[in-house]
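Shared chain: chain A. Partners: chain B in the first complex, chain C in the second.
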Partner chain A sequence: MKFFRHCLILVSSMLVSLIGFIGVTSADDHKGFKIGVVTFLSGPAAEPFGVPAWNGGKLLIKLLNEGKVPAPYNKKGFGGMEITAIPIDEAGGATKQVQEFRNLVQRDKVDAVLGYVSSGDCMAIPSVADELQALTVLYDCGTPRVFEDASYKYVFRTAAHAAMDNIAIAKYLIEKGHDISSIAGINQNYAWGKDSWKDFSVSIKKLSPNSEIKNELFPKIFSGQYGTEISALMNSKAKVVHSSLWGGDLQSFILQAKPRGLFKRTQVVFSAGDHVMPGLGKQYPEGVILGARGQYGMMAPDTPLNNWFYKAYMDEYGVFPAQPPYRMVQGLMGLKMAIEKAMDKNGGKKPNKDEIAEAFTGLEFEAPGGLVQMKLGNGHQAIQPHAIGKTAKDKDGNIIVTDIVRYKASCVNPPNGINAVDWINAGFPGADC
Partner chain B sequence: MPLKLLNNVIFQSIFLMSLLIVVGIFIPNWLVFVITKAIAYGLVGLGIITLMRGGLVSFGQGFVFGIGGYTAGLLGTQAGLTDAMLLLFISFLFTGFIGLIIAPLLARYRDIFFAMLSLAFSMVLYGILIKIDAIGGSDGFVLPESTYFGISPSPEYADYILYVVSILMTGVVSILLRYYYNSTPGLIALAVRENELRVEYLGSSAFNVTVLNFTIAAGLGGMGGALNGIALGHIDPEFTYWTTSGEFVFISILAGYLSVPAVFLAALFLELVRSFSGRYFPDTWQLILGVFLILSIIFIPSGIGSFFKQFFDKFKNK
Partner chain C sequence: MIDEILTIILDGAIYASWLFIVALGLTFVFGVLKILNIAHGGIYALGAYSTATLVPIFYSLGMPDQLVILTMLVSALAVAIVITPIMERGILRRFYGQDEVLIVLVTYAIYLVLEDVQKLIWGMNSLYVYEPRELLGALQFGSLYYVGYDLALIGLAIFCGLLLWLFLNKTKSGKIVLAVIHNPEISGCMGVNINKVYLAAFFVGAFLAALAGSFTAPLISVQVGISVAVVIESFAVVIIGGLGSIPGAVIGALIIGMARAACVHKLPEAEIFIMYFCMAGMLIFRPKGLFQGTQARKI
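Coming up: the complex of A and B.
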């Protein structure tokens, strides 16, 4: 009978926990707009990336709810509905994220999920999102494959994919007359790193067919130790070293490579290099060519919206906003515009996910980093203008970005319906620069 | 007497299974999903408990968990086989087979050497999986939606149907396992745990029992991996990572080796604590989870199963 008793205990404890949790979850029949925000809050990607992104998001949500954001975002909350956000940690791998996503949608009944920095998570989430019919905004991740390999109804990415970052850097190197006779790369061994290196190396080959590829290094993501790789890069004597490392990995790489003179010896290019600048401060090397995955941070355009955001973030947190907060703000603004567009159409009611998805498709909106156009992936994938610059020291020894070249969105992004790699291989047909 | 006991177990299990299936209709979707996931983890924990009865703990059940998951996933994506029950069954058999192949090597080791060698297997598999780009590398891949006897359920019912299937299959496995535990090799395992040398002198083979136990554990782990993959709809090499294996060990320690249902209860507890700490303490969820693990080891050192046993023994004495 022991077994039977155990069974009874199993069932009764399940019922008890169930009753407890039903109380938790069915408490609010919300009138506002509830979003789940997924970003790195622990682990190596938290401090340089996830936390500043969420800081930017928190600030914007607070100001939106107070109605203190300049036009065209001056309506309170999302179309008058108060925004509630549930932050979730992105650490723990794609499998854990799928589960957290389900919890957000099924348990917390969020109206939309905004999130995902890691490309691995962005590959895993969309199919679940469509299965659960949950509106999902990917705010940062880079891999072009999300909307190139498949199409989704309820999933949108409000930021340009990684192809732009690497195409623009290749163009910059050539326009500025850098020696690109040999190139090497150090990129993480997963979707983002591999796609970034492919886009960069193929772009360079296309623009300068004689350049030679020396090393292609793929350390594991979040490995944090790059001694061997740095030695290999030093020995290869490549003229240009490309890296799409990000977050804690990029910080570690910079701190380990700088004393060994890598930045003095070779031209290093970072496709996503600005988000560690606030953290590293004066330790950031000079002479590095970098992109911020958009016109962000020190490369942001001089527009009223950007100046407002830059100042608001600076006042709140005491550091300048780099890529992560810009990206999250861009996602929130896109969502807000889509919701308000849907509300204009349905007469001001709270729109359902289908109405929002319809309004989101092909949406264009002004963000601090410039005009965002949902043009690729049949209106689900954004393109945006880009900027590349070079770090230098000002007279006080602070690191600044100079020699900034701006690129039109249509110059560095493929047109709708063409995969990024195919577009690069074909020699950028139809690029409007 | 054994037949009577078996009858009893079958009756009890059927009662419990039908109860859970009925309860599943009334509980929200997310809880159905969490229970399904707990069953997947519980299956692997059950495998470790099978080993624990013979005095061994595997730190590398991620190995079989991963093989099971990838078997189901690859059959789904490459061979177009999407029937969930078939996938679970094939993963069970295939992973059990792999277990049978490597078991003779592992069965020669004991204690920490066994644990470390099993861990090594899982990490080697992890290293291989993240390097194979054809199956997604470190990103893993998405599984096609599962079908049941050729019917693909609509999204609202998909979770519930998988829940029912997992309860049915786990119920059958649990009955068989309870029967196995009470069989001669099952009981010899307990003796091996106490005194291996004496078992050998009495004419039984500790080696054979360990191989058998490891094979069963592998099959169960594979089935758990397949179920987890099918439930999540996504598989990545994290399945075989040592932290995943660590969770299984924790589930088994939390459950103790005295009771089959306790394993699933332990898995459910862990799943709920993790999920709610992540929801309400997004910055410090690891801390909450860690405190929970420490507290449960301090206060229930020999597992939930023993905890219940003591409680009921006291109750009976009064």
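Coming up: the complex of A and C.
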């Protein structure tokens, strides 16, 4: 009898332990979805890009977990799973980021990584992501080369690449009848600046073959002092000056060029000029043609989803959302839609990376900035509609964006399988405007 | 053509003035204390931040616009007063006479700490203080407009350089500093308080760094990371001119300023490379810089 009682206690203990273990495992498997979020939290790119992006991301994750986001994102978390985010600082260069990525995947066991503003990091991470079979969403970086030079199974980019920004500006200048007989450019001396200038100048030459390139300046990134460059641009007497400067460099350029009359003497175009507007306020020059890397901020469409996001962000942070929070929110929404699509297919279980990757490929989803279609890079690279506008002052002297022209995604993005520069050189074949 | 040459000279002079003000403190501190102070860039950034903080307060008090320059000087002075005892008395004094590489590493560590101090006090957001730049209006040279404030930087650089040179060469205190530069041991034996000279020299260097930051603040968006380029460029100036030499800093700044301006106007592709080209050329043909004279060997 005593032996029987001991056996019963032993078996019961084993059963309780086993049930507990299964319980913990199932809680881990089905209740949560852990993501690593990588963006600039320190350094010169933090204030203009990383911090506002993460502000938008944090806000959306909180509201998703509370189930307070409008349809089609009204299901709590990701398909009912609570989202946990581990923020990682993107500062430090590509080598450090590859190590951070490995840490997220192998040590922290995240279910997906969402991140990367820097084009250099976006070029370094995808091959490691595929090697580790880690689901990765690139939410911001601009270089077209990620999916033009290679293909990946587990990597997706939920925002259009930079070619769209410069093609749309070239089209805008033509459509609005601006004098583009001569152009000049000031762009940072690295992939982003060089690619942006190439896309813009080639587009202008294609649309207006007689246009002359007067000056091509490539100051080093984070230079901060642009007095000499401003003199050179003004001396060149180019009708249009193009720039893809960003962050502190763009702010310093504006502060130094405005009192010298550059913005009055020539038509200046900023391919990604919106994100410094909240900081500069009334110091932002009027009459500048600018893009926001999508229909974001002051150029966002009047849709219920955008109006909800714009208000939620304004209420939380007291400033309007420019492109960075829009792009991170777009990445999170894309990931959510892919997960929920995969769950619909597998009967509501937490999907594995292969199921999510399959659902993500070719996905279409509505974001605050408009319809996002994963059409390029064999369904891994997004295209989206774009908008270009011109700054003006309202009656209170505040800078607003007017004269907005919207472009369909298929008008300013190359079709699948064609390199952006080749598409421009070929005269935009198949563009649906 | 004349217009273009005038523009290159003017642009080069403005850039050289800014570089000279930054490099002057660095080269002076090295001359006296024999310390290659990487934290100089951090002090420059603190000068910019303190100006971006104090100037809006100045305007909110409704003070006359012209006095804003005084506020900028006060903010640079405040940074030097706070930072000097902490850095020189608190940290660097413990490393005098140690290996030069160790001291460079110590100042680099202080530089990193100062970067974090900026984040802790001012956060990640940019600060703007563009109002002082509007004070002197704009002037036309040829077909171009230049901001009066930018041109005034040339005057400030000449004033700072001349004042320091006159102090060192025409005053008794300056001659004591020169004696310490020449031979601290003998100066000490002659009754000079070396520690006081070191403290004063570091204060002057810190003030010049903060002053450069303070007067640069109206030109830029003040944010974390503004000191990186400054450290590199001011090092290039003192390497070309010779470590510890004030005339060397003048010539070094002018060489870099003019070469850079000429490149931006005539050969933009070379702009990113020209500073390193000048520096590399100097290291190959005159490794101790233009103004590093022959030194007597101590027995």
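The rule is short, and it goes like this: the second predicted complex is superposed on the first by the 402 of 433 C-alpha atoms of A that agree within 3 Å, B and C clash if a C-alpha of one lies under 4 Å from a C-alpha of the other, contacts with A are read in each partner's own complex, and residues count from 1 in each chain.
FYI, a residue touches a chain if its C-beta (ideal position, glycine included) is under 8 Å from a C-beta of that chain, and two chains touch if they have at least 3 such contacts.
No experiment lies behind these values; they were computed from the predicted model shown.
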First, second, both or neither for A:220, with chain B first and chain C second: both
First, second, both or neither for A:260, with chain B first and chain C second: second
First, second, both or neither for A:279, with chain B first and chain C second: second
Of chain C and chain B, partner touching more chain A residues: B
Partner chain in contact with A:251 - chain B first, chain C second, else both or neither: second
Which of chain B and chain C A:189 touches, first, second, both or neither: both
Contacts of A:42 with chain B and chain C, given as first, second, both or neither: both
Touched partner set for A:232, first chain B, second chain C, both or neither: second
Set intersection of chain A contacts, chain C complex versus chain B complex: 41-42, 189, 220
Of all residues in chain A, those that touch chain B in their complex: 2-7, 9-11, 13-15, 17-18, 21-22, 25, 41-42, 86-89, 93-96, 98-100, 102-103, 106-108, 119-120, 123-124, 127-128, 131-133, 189-191, 194, 220-221
Chain A partner contacts - residues on chain B that touch it in the complex: 8-9, 12-13, 15-16, 19-20, 23, 27-31, 33, 35, 37, 130-131, 133, 136-140, 142, 145, 155, 158, 178, 228, 232-236, 238-239, 241, 259-262, 264-265, 268, 272, 275-276, 278-279, 282-283, 285-286, 305, 308-309, 312
Residues on chain C engaged by chain A in the complex (per definition of touch): 3-4, 7, 10-12, 14-15, 18, 119, 124-126, 128, 130, 133-134, 138, 143-147, 150, 218-221, 223-226, 228-229, 260-261, 264-265, 268-269, 271-272
Contacting residues of chain A [partner chain C, same complex]: 41-44, 46-48, 51, 189, 215-220, 222-225, 227-229, 231-232, 234-235, 248, 251-252, 255-256, 259-261, 276, 279-280, 283
